[in-house]
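Letters A, B, C and D mark the chains as written, and numbering starts fresh at 1 in each.
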Amino acid sequence: MESNRLEAFSDGVLAIIITVMVLELKGPGGPDLADLWHNSGPGLLTYVLSFVYIGIYWNNHHHLFHIAKRVTGSVMWANLHLLFWLSLYPFTTSWMDDTSLARTPTVVYGVNLLAAAIAYYVLQLTILRQPESGETLRAVLGSDVKGKASPVLYLVGIGLAFVQPWLGLIPYALVALMWLVPDRRVERYLRATSASGAGRRGPAD
Amino acid sequence: MESNRLEAFSDGVLAIIITVMVLELKGPGGPDLADLWHNSGPGLLTYVLSFVYIGIYWNNHHHLFHIAKRVTGSVMWANLHLLFWLSLYPFTTSWMDDTSLARTPTVVYGVNLLAAAIAYYVLQLTILRQPESGETLRAVLGSDVKGKASPVLYLVGIGLAFVQPWLGLIPYALVALMWLVPDRRVERYLRATSASGAGRRGPAD
Amino acid sequence: MESNRLEAFSDGVLAIIITVMVLELKGPGGPDLADLWHNSGPGLLTYVLSFVYIGIYWNNHHHLFHIAKRVTGSVMWANLHLLFWLSLYPFTTSWMDDTSLARTPTVVYGVNLLAAAIAYYVLQLTILRQPESGETLRAVLGSDVKGKASPVLYLVGIGLAFVQPWLGLIPYALVALMWLVPDRRVERYLRATSASGAGRRGPAD
Amino acid sequence: MESNRLEAFSDGVLAIIITVMVLELKGPGGPDLADLWHNSGPGLLTYVLSFVYIGIYWNNHHHLFHIAKRVTGSVMWANLHLLFWLSLYPFTTSWMDDTSLARTPTVVYGVNLLAAAIAYYVLQLTILRQPESGETLRAVLGSDVKGKASPVLYLVGIGLAFVQPWLGLIPYALVALMWLVPDRRVERYLRATSASGAGRRGPAD
């Protein structure tokens, strides 16, 4: 089984999630900048945050399946499991907006972020267990500091959100910022192996 | 006619169906967990169910067109027929949610599930009749126990829903669970034929 | 310029149009079959009609760009022009439903169908003028009876809708039925050229 | 990293943006042409405008990544940045419609157009800095008159919208018209290099 169609399907789902959140944005309800700021402002801010998250997942997903070229049934379901949690982002994002950052919705948003991070981790583990691509992925990931720090930061955010909702948004945003720095591991690995002539891909690729 | 574009179009439709159901979810309407549970709880549960169904169809569709590499006009229409019934999932799912699992909506949901299962069966038959891929598909499907058990379970669910709506959901969920166990027939077949050297696809594939 | 990306983009737009119409369906608003019939019935019927139309356009588009493998800027804009009219189907369909088949909305729906048919014709003309694929397309299209009959039937439908709205739906549905019979011209042509050894595509294709 | 998946993802997002705007259109709310004209008329006009913009971006994006066949992390994020601003079109378009072309919404719409133009420019710059495709892109772009005139026209439109909202729409529409003339630079360049035998792509491409 090649990964092309899994990638195409995931791209479709991610593209829709990222765009659908705009539909959930409350309109300003009036012609003034103050209306935009008061009614749509918080929604726009959390939209930016969720857009960046989905963008990050798309980037990482792209890199992951650049290595895992062939997929099994387990990879397919691990991938659908990830897409499930990501598909709830518009729902939890709009709940947080509708309640103007109330405590429970901000905690639930963090739990959603955490669940997606765990689902991504499970997907990564599933690919690591594959004989064909596991070894390459292990070499590329290295110590995977970002992958390990993210769930910890989400947990910190969830804890802070119990104290004060907007405090919880700080660790959430930190995770996004951390990943925004482009992950050059895959690019570096590919360059290294092609330089040493170990690349398994020809020039016609 | 190659199947690439048919797969891409179906992926697009399935990706949208799976995501659009989130838009149909009722918001909690309040800042508490109790609001989430009472107002969005049933919707989230049936969302999970419908998400899993669409995921199963995507998986099976993926396997089916891995074998049927070339398609005719009849395959195209059999595929659109399947997509039609799947496209009604968000509609029937949200009716069931809005009425808090009333009798008729739960029966209609089961009829929708049954209609999609029949449409998938017709699509499979259409491919089986193709000279090129029919034989391979027949070998891969084997006795097709799951394919035959699904409509029977849906009918049982529809019957039970007449007695007590939530009872009907049990056979519906059983079908989903049955298919969640990854279907290794195609993978096994591909491995077997490539081991015996009978695979028609080269390593560059 | 290859047509792959134009096809992928059009597939995306068509997949969304076909699915989005489900979102526009009015819910039954009650738990009984009578609610489904009275409130969602007309919507479901016109949904089927519009679903079939988009399916037909997808099929024909698929065949068209199977021949026109390379595209120019004019083809791109002719294609976007077609997508524009198709993207209005959910809008005109739901107006017709909301007004329970009132005269003007049914006429406007017919005008939308007619505009899309003309846009498809213009797209076909644009490809016919291309040196590379024009000749093949001309041979495949033949006398193009269906392509010429469709706008005439739409005009008849628009005329009848002025007299009595539901009468207009009959010619609209006739066009759909006419195209539902799979168009074997492209398949036949491909088989003929490959039999005579004139096919320009190798077995690795 | 190849650009295929980036193109597929962008196509998905653009296809959804272009279609989602139809969902935001206000229904006519009555069965007469006057209802269509008064309630949906302005929405339809700005829909046409935004549809054309997204179509233009898709066309230009298509040409851009026809040259930039390989992408880095920076290109990915520059691309997501562009998609972010384009994803706000449905939001700003519907604000302008809901307020019947009030001053602030028309200015904000112009700012959105300007931001997307700047994001496109940044994406172009990022690709220009790549050793592999930068040189080709520079040759193709030439003096890039359209790319430089667009932000200026948007600024003029924003200024005019402060005086009189509908006046601002004139420069906005001028940009669209300017780009509607198909950009033949890439096609011309490809023809020139293939004529001189300098094309790096073979006939099997």
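Throughout what follows, a residue touches a chain if its C-beta (ideal position, glycine included) is under 8 Å from a C-beta of that chain, and two chains touch if they have at least 3 such contacts.
Values in this document were obtained by computation on a predicted structure and should not be read as measured data.
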So subunit C and subunit D: same face meeting same face, with over half the numbers shared, or different? different
Longest centre-to-centre distance from subunit B, chain (CA-based): D
From the C-alpha centre of subunit B to that of subunit D, how far is it in Å? 37
Separation of subunit B from subunit C, taking each centre as the mean of its C-alpha atoms, in whole Å: 26
Check each residue of subunit D and list the ones that touch at least two other chains. 8, 12, 15-16, 20, 23
Subunit C contacts subunit B in the complex at 7-8, 11-12, 14-16, 18-20, 22-23, 25, 27-28, 30-33, 36, 40, 48, 51, 55, 58-59, 62, 66, 180, 182-184, 186-187, 190
Along subunit B, where are the residues that touch subunit C in the complex? 1, 5-6, 8-9, 12-13, 15-17, 20, 23-24, 72-74, 76-77, 80, 83-84, 87-88, 90-91, 94-95, 98-99, 102-105, 108
